[in-house]
Every structure is written in C-alpha cells, then in structure tokens.
Amino acid sequence: MSAAVLGATGMVGQVFINLLSKHPWFEVKVVAASERSQGRKYSEVTNWKLQSPIPEKVADLEIVDITPEAVGDVDLVFSALPADIAGKIEEEFAKSGYIVLSNASSHRMDPDVPLLNPEVNGEHISLIDEQRRRRKWDGAIITNPNCSTAILTLALKPIYDEFGINRVIVSTMQALSGAGYPGVASLDIVDNVIPFIRNEEEKVQTETLKILGTLTNPANFKISASCHRVATLDGHMEAVFVEPIRKPNPEDVAKVMENFVGEPQKLKLPTAPTRPIVVRYEEDRPQVRLDRMEGNGMSVVVGRIRKDPALDGVKFIVLGHNTIRGAAGCSILNAEYLKAKGYL
Amino acid sequence: MSAAVLGATGMVGQVFINLLSKHPWFEVKVVAASERSQGRKYSEVTNWKLQSPIPEKVADLEIVDITPEAVGDVDLVFSALPADIAGKIEEEFAKSGYIVLSNASSHRMDPDVPLLNPEVNGEHISLIDEQRRRRKWDGAIITNPNCSTAILTLALKPIYDEFGINRVIVSTMQALSGAGYPGVASLDIVDNVIPFIRNEEEKVQTETLKILGTLTNPANFKISASCHRVATLDGHMEAVFVEPIRKPNPEDVAKVMENFVGEPQKLKLPTAPTRPIVVRYEEDRPQVRLDRMEGNGMSVVVGRIRKDPALDGVKFIVLGHNTIRGAAGCSILNAEYLKAKGYL
Amino acid sequence: MSAAVLGATGMVGQVFINLLSKHPWFEVKVVAASERSQGRKYSEVTNWKLQSPIPEKVADLEIVDITPEAVGDVDLVFSALPADIAGKIEEEFAKSGYIVLSNASSHRMDPDVPLLNPEVNGEHISLIDEQRRRRKWDGAIITNPNCSTAILTLALKPIYDEFGINRVIVSTMQALSGAGYPGVASLDIVDNVIPFIRNEEEKVQTETLKILGTLTNPANFKISASCHRVATLDGHMEAVFVEPIRKPNPEDVAKVMENFVGEPQKLKLPTAPTRPIVVRYEEDRPQVRLDRMEGNGMSVVVGRIRKDPALDGVKFIVLGHNTIRGAAGCSILNAEYLKAKGYL
Amino acid sequence: MSAAVLGATGMVGQVFINLLSKHPWFEVKVVAASERSQGRKYSEVTNWKLQSPIPEKVADLEIVDITPEAVGDVDLVFSALPADIAGKIEEEFAKSGYIVLSNASSHRMDPDVPLLNPEVNGEHISLIDEQRRRRKWDGAIITNPNCSTAILTLALKPIYDEFGINRVIVSTMQALSGAGYPGVASLDIVDNVIPFIRNEEEKVQTETLKILGTLTNPANFKISASCHRVATLDGHMEAVFVEPIRKPNPEDVAKVMENFVGEPQKLKLPTAPTRPIVVRYEEDRPQVRLDRMEGNGMSVVVGRIRKDPALDGVKFIVLGHNTIRGAAGCSILNAEYLKAKGYL
C-alpha cells in the first residue's frame, strides 16, 4: 500500500520515513512538507538526524505541498505535522477521503476521534464509524497518544483490567528528541534538568483517561503528572505510583504485565512487539540507553515493581521509546490494525 | 573554635574543608582519614575535585588516624565517614567526650540521636541530654539528614505546620556528586538515567518522618519515594506531590514557604541562608545548574507550585544542593546551632 | 565612568553586564538591543543564562535603540553585537565620538583598528591615532580577538618573544557558550563532537598573526587550526604544537610562561589577572571544568608542556574561559588599558 | 571454527562476544576470565554494558581459567586481556600451539609479531613465520593496533602510498568506552575534557610507524600525537595534519581515500567493510554519534579534507569506532585474514 508522510522533514517525520522503509505492507510514495521545501528532493531539504542513512527510495522523492491535491493518490496518510497547523489540514484530508494516521495533538480529545494505542484500546477503532457519520466524510482521522501517555497507558492497562485503579501519580524524565529539532538548547540541558514541558502534564492527565475509558466515557480514576526534561537522546522514563482498587502484591502486578498481550499480538501485526511489556527484575533496570530499543522500540520496559507505602499500592519504573512507541511506531501499528480490521 | 574532619579526603570531606575555610567561628586543625594516607600531607593525598583550590591552611596539614588519640584536642568533630565504618568510630569519639557532627547514616535513626535540619526541627537538639543520660558519655552524636531528605523536609515543613499532611509522594532526580568519587561510571550515565540509588528511598521514607515528628514520635503521615540518578554534577531535584489535611491553594502554599524562617535565621547563624526556601514563579524554574547555589547552597528553591488532581492537594518542584544543604553545609549549620544553644 | 552595552541581552552581553556590575571604574548606565525589546526593562526582556542573578542596577534599565542618539551621554561603549550588524553600527558610534570596545569580528582585521589582547600587544593601541587620522573621527573602534585566538596568543607570546616561532598547529575543543544562545542544539552534541565551527579556523589563522605582528606587519610564521565543538559549557581547550626557531626544552618554555607578565599586570589594572599564564605540572591538567575560572577567568592555564617529535619543538595544552578572557573580560581589560594610557 | 575469548567479561571482551555471535565462520565455545568468576555462568558474572542482549549461546557458558589447559580444544583464541597480564599469558598460549589474536599492547612492538590492520599492512602476516622460527613455537601471536592508531593508519595508508609522508600531527577526541568499565568517573567528564590518556600518545607515535613500515623497518616520517578524552560513548575522532612528500590537493586526497581498498575487500572477508574509508563532503561531518557505525563500525569516516597552511599539506578529520575497528572488530578481521591466507 502506498503512503504519504505529512511533515516528513521534521524529527518525527524522519522516524516515520525510517520505520516505513523496512515495512512489509506500506511504502512511502509521497513526502509533503512546508512551502519552502517544495519541488526539492527530500534528501536535499532534510536535516537528517538519524544514525541510519536516508532510505534510498525516499531520498530522491520531490517534496510536495501539504494538500490533498498535491499528495494525490495514496492509500493512507501519516501526519507528523506540528499541532498548530495539523488540525485544519488533517480535516481537509479526511474530508477528501483519506485515512489520516495522526501524531498531532489537535484531534486527540475529539469525542469521535480514536486516540489509539492498539494493545490498550483497540476497540476504540469503531469511533471511526461515528466520526464518518457525524462529520459526513469518507476519510478518517485516527490519532495516537502523546509520547509519555503511550508508554504509561501500556503499563497501566493490565493493572487497570485486573485490579482496577483509583489513583495514578507519574513523574517523568523525558528525552531530548521529544522536543524536536533544534528543540532544547544544549546550554539549557548540560548539567541540568528542566522541570517543565509545555502542555505535557495536561496531555498525560487527559489522554490517559480517554484511552483507558470506554467509547463514550473516560476512565474514572484520578491522575497527576509532573514532567521533566533530562539530558538523554531517546527514551522517556516514568516513575509511576498506583493506588489500585484491589490490592495486588508487586509479584501479581509483574505477572499480569508479563502475560499481557493485546490484539496486535494476536493478529501478528508486523510492527507489534512480541511482548508489549517486558518486565525486568534487576534492581537497577530499566535504563534509558540500555533498554529503549526493546521490541524494536515498540515494547515498554517495566522494572522495580514494589509496594507503595503512600497509596497502599504499587510503584514501578516504566521506560519506552518516545519517537517509536510514543510517536511514529504507534501510528504505523495503528495503520496495520486498521488494515487488519478492514478499515484500510 | 578548632575542628577536626573525619574522612577528610572524600567528596563530602572536601566540601567540609572548603566551607570551613571561610568560616568565622570554626577552623579545621585536624584532618583524619584512612590508614593509607597517614603521616602524609592533605594536599598530597587528596584527589581534590572542587573548582576552588585546596585552602592553604589545610593543604599542609598531616593526615592523622581516625581515633580520639590521634585527633587530640579539638572543640568539635565533623564526620564525613562512610556509613560502613562511621557507626563505631563516632561512638568512640562521643565516648571520649567529643561533639560529633555526623553526615553518616549510621546513627540517624537512633531514638536518642538528633537528626537535625535546624530550621525544621531545631528543638530535637534536646535529645542530646537524653543521649548523654542513656549512653553515659560526655560527648554527643548529632546527625544531619540524607541529602534528598534534608531538601525535602525543608520544603515540607511550612506545609506541615500550616495545613497538616496526610500523604507525600516524591520522585527524585539526583546529581552525580551524591555517589561520591569515583562513584557513578561515565559509561553508566551519559545518555542515561539510573532508576536506583541503594537505600535512598528507605532513608527518605523513614528520616522524613523522624525529622517532622516530635522528640518521641515520628510524624503521622504516609510517604513514598522513587529515586533516580541523572547526569547532573550537583543539585538534587525532587518532584513532590502532597495531600494536605486542610486544602490550601497553590498561592497559600507559596506564601507560607516564602514567609518561612527557622531559628537559625532568627539567631543569625553565619551559615543560615536569609531565606531557607526561595520560591520561583517562572514556569520552568528551579533548574539544577542555575539555582543550586541559591543562598550559597543552603537554600532550597521551590517552583511550579500547582494543584494536584490525584491527591486533591498540591504538587511542586524542589531543588537543593546535595553536598551543601544536603550534607556538609547542614552539619556546619548544626554545629553553629549547638553553639548558639550552649551545647558547644 | 559610565558605559553602554550594545547587544546587552545576548550571551556575551550578559557576561559584560555581569562582569561590569562589580567593576571599580565602569558602571553600566545604558543597555541597547534590537528593536523588539525597546522601551522594556532589561530584566523582562533578557533570557538570563548565568548562575549569578541579574545585577540589580541593570535589571530595571530600559532597553534603548542601538544608535548614538538613543545611547546618549556615556564615557565608553562595549559592543556585543553580532558580526552581521556590528560593522556599520560601530562605525556610526565612532563617528559620533564614542570609544567602542568591540567583541565583534567585523573590524578586527582592519589595518587601522587595534586587535588588542593587552598583555600580548598593548603597543597596538597607538593604531587609534592612525585610525582617527584616516577615518576623520573623534571616537575609536578597539577590538578584542576571537575567543580561541585570545587564549592561544597569550600562550604563544612568551615563546614568540624568547624563542621565535616558525610554525603553529592548533586543534581546539570549544565550549557550547561560544555559539551563543540558543546556539548548539542539544540533539547535536550529547554523545557527539561537531568538527566544524563556521569561520573559526580562518579567524585563528589570521588574527593570531596580526596580534603577534607589528603595527604594520603580521607575524611571519605559518599557522593551521582545526576547530571542534564539544559538550562543555564554558572554557576552550586547545592542543598546540609549536615549531620554535630556537630549540627550547619544555622546562624552558614552562619558565618563560610562568614568568610572563604584560603591561596590564605592571599597571595593576583591575581586571588583569596576577598571572596571565598559569602553568600546571600534573599529568592531566588543565581540565575544562576545574581550571576555567583561574584568575577569575582572565588567566589561561597551560599544562602538559612536552617535546614535539614532529616539529622538533614543543606541544602543550592551553585552556581559557571563552566568554571572559575570550570575549567580555578582554574587552573590559582593553578599556582599562585605554584609560591607563590616556585614551579614555 | 571454534574460538575462545580471554578476558571475556570486560568491555572489549563483551564486544568480541557480541560481534562473534553473528559470525559466519567463528563460534565462541570458551570464555575465560579471572579467577573470581570461574565456574560461574557468563551471564551471571558479566556486567553486560551493550544494548543488544548477551547472545544466548554464550550466556550459559561456564567461565574457565585463563590457561591453555582450561581453555582446551579450540581453533583460535581472541585475547581481550589487560596489558599488565596479557604478555605472559599470550606467550603461554602460543607456546601451547594456539593462534592468539590479541588486542593487548604487550607484544605489539615485538619485531617478530605482526601488528596487523589488514587493509594497511596485510603483508606483515608473514612475520608469523619468523616468530615461529625464532620462538620455537607452533602457535602465534598476532596483535591489532591501539584504537586511535587503527583508525589513523587506515586514513593515512592511501596518502602514504600515493604521495609519501614527511610529517603527521594528530589531536584526538576519544570516547569513554576506550577506558573500559568502570573507567572514567562521571564526575571527571560531565562538562569537562581530560587532556591525558596514559601511554596513548606513545602508542600512536610508535605503532603508526611500525604498521606503515616494512617487515623490518618502521616508516620513515615524523609523528606527534596529543590525546584527549571527551564525553562521548563510542567513536574516536582525530584531527590530522599531514605534510606529504608530493603536494596533492584536497581533492586528490579525497580521491585516493575513496578508491582505497585492501586485501580484505578483495578477499571479501565477512567482517571487511565494502569501503574501508568513507569520505564525506558536508562541512560538518564526520560526527561521532552519526557516523561511528559506518560499515558496521569497521569503516573509518573522513571529512573536511582541506589545505593545511602550516605544513603545506592537508588536514582532515577522521572518525572510527574504537571498540570495533579499533579493537575487537580488527582482531576478528585479522583472524579472517589469517584463515584466508592459510594460517588458520
């Protein structure tokens, strides 16, 4: 199937290009980006920041305008557009009949738009029908969560299902790639931590409840986040404190996490990791650099599951790759899931 | 007054030497360290890691054995000994009549030993009388808290006094100097976070309650910590989530923090910062590198005080200098306080 | 004496403000910056990046336009303007009668403009007379060298004077602050080195010869530079390989460096460090973080002076603070020198 | 063919294990390490620091003593032993008939031991015959160069062959993994550069000449090195200044580098990269993090080839992976080369 990437030259756009270059089902045929770049080759325009080289097939593609007309005939569209312009543009594409897999925050909280982390809430896919009915379009917008939320909800899902949740507190240590390029100035982060990421706490607090909720109602628990930027390149680490409804031991939690699989695993989707949650038992794991590529960056790694004396629950560490599971990889898995479910 | 520093060559020992070199009351006359170094000059033996040079008066001091006999006649003793040997040695010194200001964890939780962060629990100083009665010695052991705890309790104190506390959750991002030298290997921390610091969570969870408690009983709230090492040189940052008994607004919390002073301020002790808690109102402060030296490293800096939706309370960021307020500086302030109270 | 700082809000501008706040002779009375900021308070507009707070007297100054009219009556002007606009503006100020101490590269290589590192080539100050004659203005432009060059020429001066120089090769490891703010993106420098700094090698290769030359001719030796950015905050380190005309031992070189003083030392100028060159004899010094503040950032620190088997000469390491000796500090020392010499 | 790795638990040992796990010809059957570990499983004993997990086949191997008796029947032996014990032990293995591919410095400069970087001096392999004759043993010791030297000599080889060399000056920026684990303390390298690596400059200066020399004589040019540690994880960058005998343009140098292949390429050895030297033409490449894995870490990447005004020659940047091309990878390529040449 042929795919277009909107916002193909930015950080997340590059990760899309890279992941899709090895994809068995989807091939990037169109790269769209802002006006300045149009008509020029992808490889000339892009300040490529990944270690693997620009995939050959994409290197010579000519950048086109971010409009349905310019993008033309493709089977699906991945959007890595910045939130300030994504909203309108994605709507235009959906109106023109395109399936848009969006990484932007613009439509995530729309009640008729799936906010999809497919192992967690695959059933939300049916919001597409509601969306088409309501908005009277043939296309669709499907969003994936904010990076920290994608990682968090995967770890929370088996706890939520098995033991119920009353309260969650999460404190993040987020990587630099999450801020895009150029993003965080080096003078701001060497020998430093910045305890602020704009809108991040709000996103974690609202998106988590939508994802773990039903088609019509958000999950009914309390959640609070504190988000911090540290000097790592890729990989968001989160310290999570959970007050469950029933009272599992840490061992019980480890067990439900290890046994957890979602529909993408059952459907053997190509981007689905064998184990969505990998549990480590060493006293000092997960570690960002050592564990972020687990499951090709699509697994989250949980460790240090232990009793929480303040919430009478459990606390643990979860790590995930922010630009793969937390962004482009999740979008691609969503596309695979749509195809498996007949929406593509 | 003349002082000895035990464990003078290590990281915390060096900070003691450095801070005391400019002290108006105390002068380092004796430096004691492990056997290998004895009889040699301090400057020859010490792998000095601070930016300011070794103070001249100390550079030529000869290292002596860590025994009361070798240390001889001094007015007080600062201990920067590692926990595995501090316990016994500090007892010997107290038995021999010395006042020992200890940075080690060995005796912190002894019921008759003050665990003193003097703005927070100055009144605990009277445990010295109990200690002398019970242990039948003329000297005394006075400890200061673990680094993370010293910083945390200072920020919690005005909340505890004004609004009461039911629950505290804290997630730390701790600096490399906290692990001593050589401490953390560079290969373990570049582009990485280590979500484990041995015994640290236990210390935060127990010491905090002792410090905020009465002479006889620990404070009666629940507390949970998750502790993480990040690639900063000095300065521990903590994300704190508080469930107070009464329900203050963030503005109320900011106000009681800003107005907070302790006895050291009233006594105008030389190492006491004018404001123990500095509140910042920018959206992205405190930052480790920019704010750790506030109050010459003796203030903690609080920022981002905001509502906490999970605990129906407040959350905030607190930053403090781990080897000054969190270690040597606190010990020295304790000594000043002892003197002001007639114990020295 | 009253001073204006042009380009006061940028990185070098901030260092000017900071250093001048404690200056015994000069006081900042006017801060000028680009249009967007005009009429607003310095403290509101400036993204202050230094650890010490904004000096109180400057915090409330209103930003003015970068024109002689707006700056008005001051005794001297420090320019921290970017090179692309500095050229014209500095000329306008000189034409209007101002003494301009410029940190910009625009006029450094003009034959009638002193490129002044005052311990090295104080006598070049007399170019001011030539400049005034030629350009028919009452003011003057005095430049200080590029950061790497300021550090290098100080270390080379005693060798050049005592032993002569045929050839110099220098390989730099430069700090992030040299690129201004936001400057180098964090994603470009964590776990990385960038072996390129625009125009830097050319500057080192031409400015060095002008500084070590006479009023009319550049020095007559060959020089080659390779410049690299590393993940340090402040402090440029340089590996220097020298082919001298006469053949000194490393000990001879150490001796002439240690004994070296310039006119600023003899005149006891307030910003002049006691020893312009500090020689270290440890096998692993200078180190960037430990030694960059030597002489309040105005000394360079040389170490590892050893035989060079390729040039039959010596090689050594030199370290200097790039925003102090290499920028604002050198400008201020130049101003002091001008005053001592009656030009101010 | 079956292989043993001596010193299998250290950093270089781990890289051996990792690279050999995917090798088409060699399989690790024996892992030997110091006494403390013997009899225990490799996976239990090793503080594994690589991102890819411990290869399954090796994980369960039992650690044996570092003696010929304990190692037993294998076809070849890779030595990742530290230099202080490697000398004697490797001799014992050679005496017992083993082919030892050594990464240690102990025997590198022995006149009858090949110091082999096979694209550069494959013909030195015949020293094995001389070695056997002289030392009267059936085995052999074959060494690979010090990491910086392996990278440097590859870049110099085509220049040396085509244009001749009079002089080389090299200034390195070396990665942390070169110091092993735990190696460099984090407190020594965050916001710092250490301008000293023990014995490194001597190794570069002597090994380079042996490698580029004939079987009996070192190359006849002058060379000087200055070696520095920076905060990168893997990948040594070197700024190289060359005075050639004939005077090529930068373009000529780029051309001979790009066209360069050695015998390993002609023999299509499995570990030989297609292009031993990759030339980049961007103004800011190579970069450590982006380019170190070129050719699976076996290529060196050269960039910024430009005229050198001090030596009337060329200067350029070369980057190579220090634990692959500079250590274990080179050893493995040497083994492949031995096999192709009938020595194995």
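In this document, chain identifiers A, B, C and D correspond to the written order of the chains, with residue numbering beginning at 1 in each.
Quick note on the criterion: a residue touches a chain if its C-beta (ideal position, glycine included) is under 8 Å from a C-beta of that chain, and two chains touch if they have at least 3 such contacts.
Note that this is a predicted model, so its numbers are computed, not measured.
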Most distant chain from chain C by Cα centroid: A
Identify the chain pair with more contacting C-beta pairs: C-D or B-D. C-D
Using mean CA coordinates as chain centres, what's the chain C-chain D distance in Å? 41
Would you kindly tell me how far, in whole Å, the mean C-alpha position of chain D lies from that of chain B? 47
At least two other chains touched by the same residue of chain B: list those residues. 49, 188, 190-191, 231-233, 289-290
Chain C residues touching chain D - in the complex, by the definition given at the top: 167-169, 171, 173, 188, 190-196, 205, 222-224, 226, 228, 230-233, 237, 239, 241, 283-290, 303-304, 308-312, 315, 317
Quick check: in the complex, which residue numbers of chain C touch chain B? 49, 51, 190-191, 289-290, 293
List of chain B residues in touch with chain D within their complex: 49, 176-177, 181-191, 231-233
